[in-house]
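These notes concern the structure reproduced below.
Think of it as A, B and C in the order they're written, each chain with its own count starting at 1.
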Amino acid sequence: MTPKIPLLAAAWLVLKKDWQIEWRTRARLTAIIFFSLSTLLLFSFAVGPDINTLRAHAPGYLWLALLFASVLSLGESFRIESENQALTGLVLTPVEPRAIFVGKVFGNASLLFVLSLVLLPVTVALYDVDLSRAPLQLVLVLFLGSVGISAPGTVYSAISANARARDVMLPLLLFPVLIPLLLAAVSATRFTLQPDPQEQVGGWLKLLTAFDLIYLSVGFLLFPKVAEED
Amino acid sequence: MPPFVPLTLFALVVAAIIAHVAVPSVRGWLWKPIAGLGAFMLVALWYLGLVWAPPEQFMSDVGRILYVHVPHVWMALLAFTLNVGCAVAYLMKKSFVTDALAESAAEVGVYFGAVGVTMGSIWARPTWGVWWDWDPRLISTTVMLLAYVGYLALRSFTEDPERRATWSAVAAILSYVSLPIVWFSVRWWNSLHQVQSSPSTVDKPMVQVLRWGAITLLCFLYVFIVKRYQIARSRQTAAMELPPLEAPRPEAA
Amino acid sequence: MAEQLAVEAVDISKRFGARWALARLSFGLPQGRSLLLTGHNGSGKTTLLRLIATASFPTAGTLRVLGHDARAGRDQLRPHVALVSHASFHYEDLTAAQNLTLSAKFLGRGGEPNLVPELLERMGLSERADSPVRQFSAGMRKRLAIARLLMKAPKVALLDEPFGELDPAGIKQMEGLIRELQSQGTSVVLATHLVEQGQSLTNERLHLAAGRKVDAS
């Protein structure tokens, strides 16, 4: 009867809807960008002005800034959905919950990815890193890392959006799970920006990819339980 | 001891827990002999661990904390495994029994994990000269602990019992999936530490005491979980006590 | 099947924590007929509508909508059931037109260029089509929600307090729309406090008190 649109098409619509909302309320994106800028700046104050230390730890600072920003953007992403119960509205339209998951993950990931690209020149200015060693590989690391934060993050923020004390709940649930991702992303970034005598970067990239795939699949399976009431 | 014995023991404990949950007549007495056995074995463990076993080759008497530290971490892992089993079972078929069991397993697991990590930290001080050491096992356990503290916080911050059960089951699965990834990545990230000591590289008497300790704590694991389960169940019934559903009144013409 | 039932509830109950929101409710609504739901605040009207819309599922009992089990057959029946409730389901930061276009695309009707403008025109929202919903008044939100329901052309339309927040002209229009839906064979389930208005629009009545069916008096 009614033509049921395929899962990926629905996911694409969800993703475009998120972009549309993001574009209409640019203030939010701007706020998150400036939030992570000040985080990066704070790291240099906390560590001190020694440029060698700063340069050596720049990958760590970059990913911590992204991680903190991700808590804000993920929380925001499901605040939109819980306002007016829009998520329920989508499910009843009907939109397959799994399509919503895929769309939201890549919506959140694209936001973080853009944010990370914006932060790169800042790391050059603040920490004097050299981006020219393997720029494409760096972009790949940033992309994989953004997806990796968003895949479990989307499930957890869907949960915490409706819980009490949601601002505390999200990082409390998300950060422990993200520790392997943080290790892999920071190491991969380090060996992309700095010499990699033992050629370790390949292994870390594999770990990043594996992390993404595992959490994309687990989230894909579990998200319907969160999106639909029993 | 053949390798399948630990697994068999764990299976026995799970079977005993299931018996406790499913068979009301068992509930009153089964925990008593097991608690008694645990208490007896604990007393014996003091003697075995502190007197009978020879001092460790490299760490001397400090190494004796391992007899309780390592089994504690094992018990935490077992409890979390039970927890994720209940979470999967809950998502497949809604039941407040599995939800209550998941809650008890997680809480008991956090207890054993916290004690285990604290002991690990105490052990690290004289051994490596620092309270905290970037040993993969210690970090993985700590991360695991954090994840399950988040799980318990989520439970206490969600009012609606059905949502709490569903959400925490999802959170439990996500956390459990992360355990092997955390373990693997941390080990790889910091590969400068001693290789994992499997029982074959440790002295024979040590292994025996370690196993004795594990079985002792297994008894306590059982008792804690079933007792905590009873509390969880009675809280559930208290919170969800409902007026009986009478049949609808006959329709007025 | 002799007579297709739009909604068939067999002994359904719904609990929220320590409270039965609905208790052992049974009724049947033949396809094409309409039902008036009355009862005080908290009597279970909204819960019942949400169950029929498959936004939530009964704790016990069997609920069939359009012949499908509400839980197991939710994928089949969701395209034919539409709910207008207190929560408007809109994205506050999208415009009225964008919200409707999004629904149209999900419904596989993205290729009909006139669909959204016509619906907006009908609901008197054309002038504000490009304003974000955040700037809308409560009445305008309700109109937008109705537009969304009309787009779906449902077989079962669930209306939770459709007259609330509307001005007199809006109420008149709302009545007209309900009659139009009914003339197309749609079963309307109407929950409202305006009993007389509701009774003039519906064939049957279900009065709820504390989640139970009682005689309306």
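Just so it is clear, a contact is a pair of C-beta atoms (placed from the backbone, for glycine too) under 8 Å apart; a residue touches a chain by one contact, two chains touch by 3 or more.
Not measured: the values here are computed from a predicted model.
S.K.: Kindly list the shared contact partners of chain A and chain C, in label order.
M.R.: Correct list: B.
S.K.: Farthest chain from chain B, going by mean C-alpha coordinates, please.
M.R.: Most remote chain from chain B, centroid-wise, comes out as C.
S.K.: If you average all the Cα positions, which chain's own average lands nearest?
M.R.: If one averages C-alpha positions chain by chain, the most central is A.
S.K.: Which chain pair is joined by more contacting C-beta pairs, B-C or A-B?
M.R.: Greater number of contacting C-beta pairs: A-B.
S.K.: Rounded to a whole Å, what is the gap between the Cα centroids of chain A and chain C?
M.R.: Centre separation, chain A to chain C: 37 Å.
S.K.: For chain A and chain B, let me know how many angstrom lie between their CA-based centres, rounded off.
M.R.: So the centre of chain A lies 32 Å away from the centre of chain B.
S.K.: Can you compute the centre-to-centre distance for chain B and chain C, using the mean CA position of each chain? Integer Å is fine.
M.R.: Centres of chain B and chain C (C-alpha means) sit 48 Å apart.
S.K.: For chain C, what residues touch not just one other chain but two or more?
M.R.: Nothing qualifies.
S.K.: Which residues does chain A have that touch at least 2 chains other than itself?
M.R.: Residues 229-230.
S.K.: Find every residue in chain B that makes contact with two or more other chains and list them.
M.R.: 159
S.K.: Mind listing the chain A positions that touch chain C in their complex?
M.R.: So the residues of chain A in touch with chain C come to 1-5, 10, 13, 17, 20-21, 24-25, 80, 83-86, 88-95, 229-230.
S.K.: So in the complex, which bits of chain B are touching chain C?
M.R.: Residues in contact with chain C: 159-161, 239-243, 245-248, 252.
S.K.: Touching chain A in the complex: which residues of chain C?
M.R.: Interface residues on chain C, with respect to chain A: 53-57, 74-75, 78-83, 87-94, 98, 102-103, 105-108, 132.
S.K.: Once bound in the complex, which stretches of chain A touch chain B?
M.R.: By the definition above, chain A touches chain B via 152, 155-156, 159-160, 162-165, 168-169, 172-173, 175-177, 179-180, 183-184, 187, 203, 207, 210-211, 214-215, 218-219, 222, 225-226, 229-230.
S.K.: Hey, which residues of chain B end up touching chain A in the complex?
M.R.: 91, 94, 143-144, 146-147, 149-151, 153-154, 157-159, 162-163, 166-167, 169-171, 173-175, 177-178, 181-182, 184-186, 188-189
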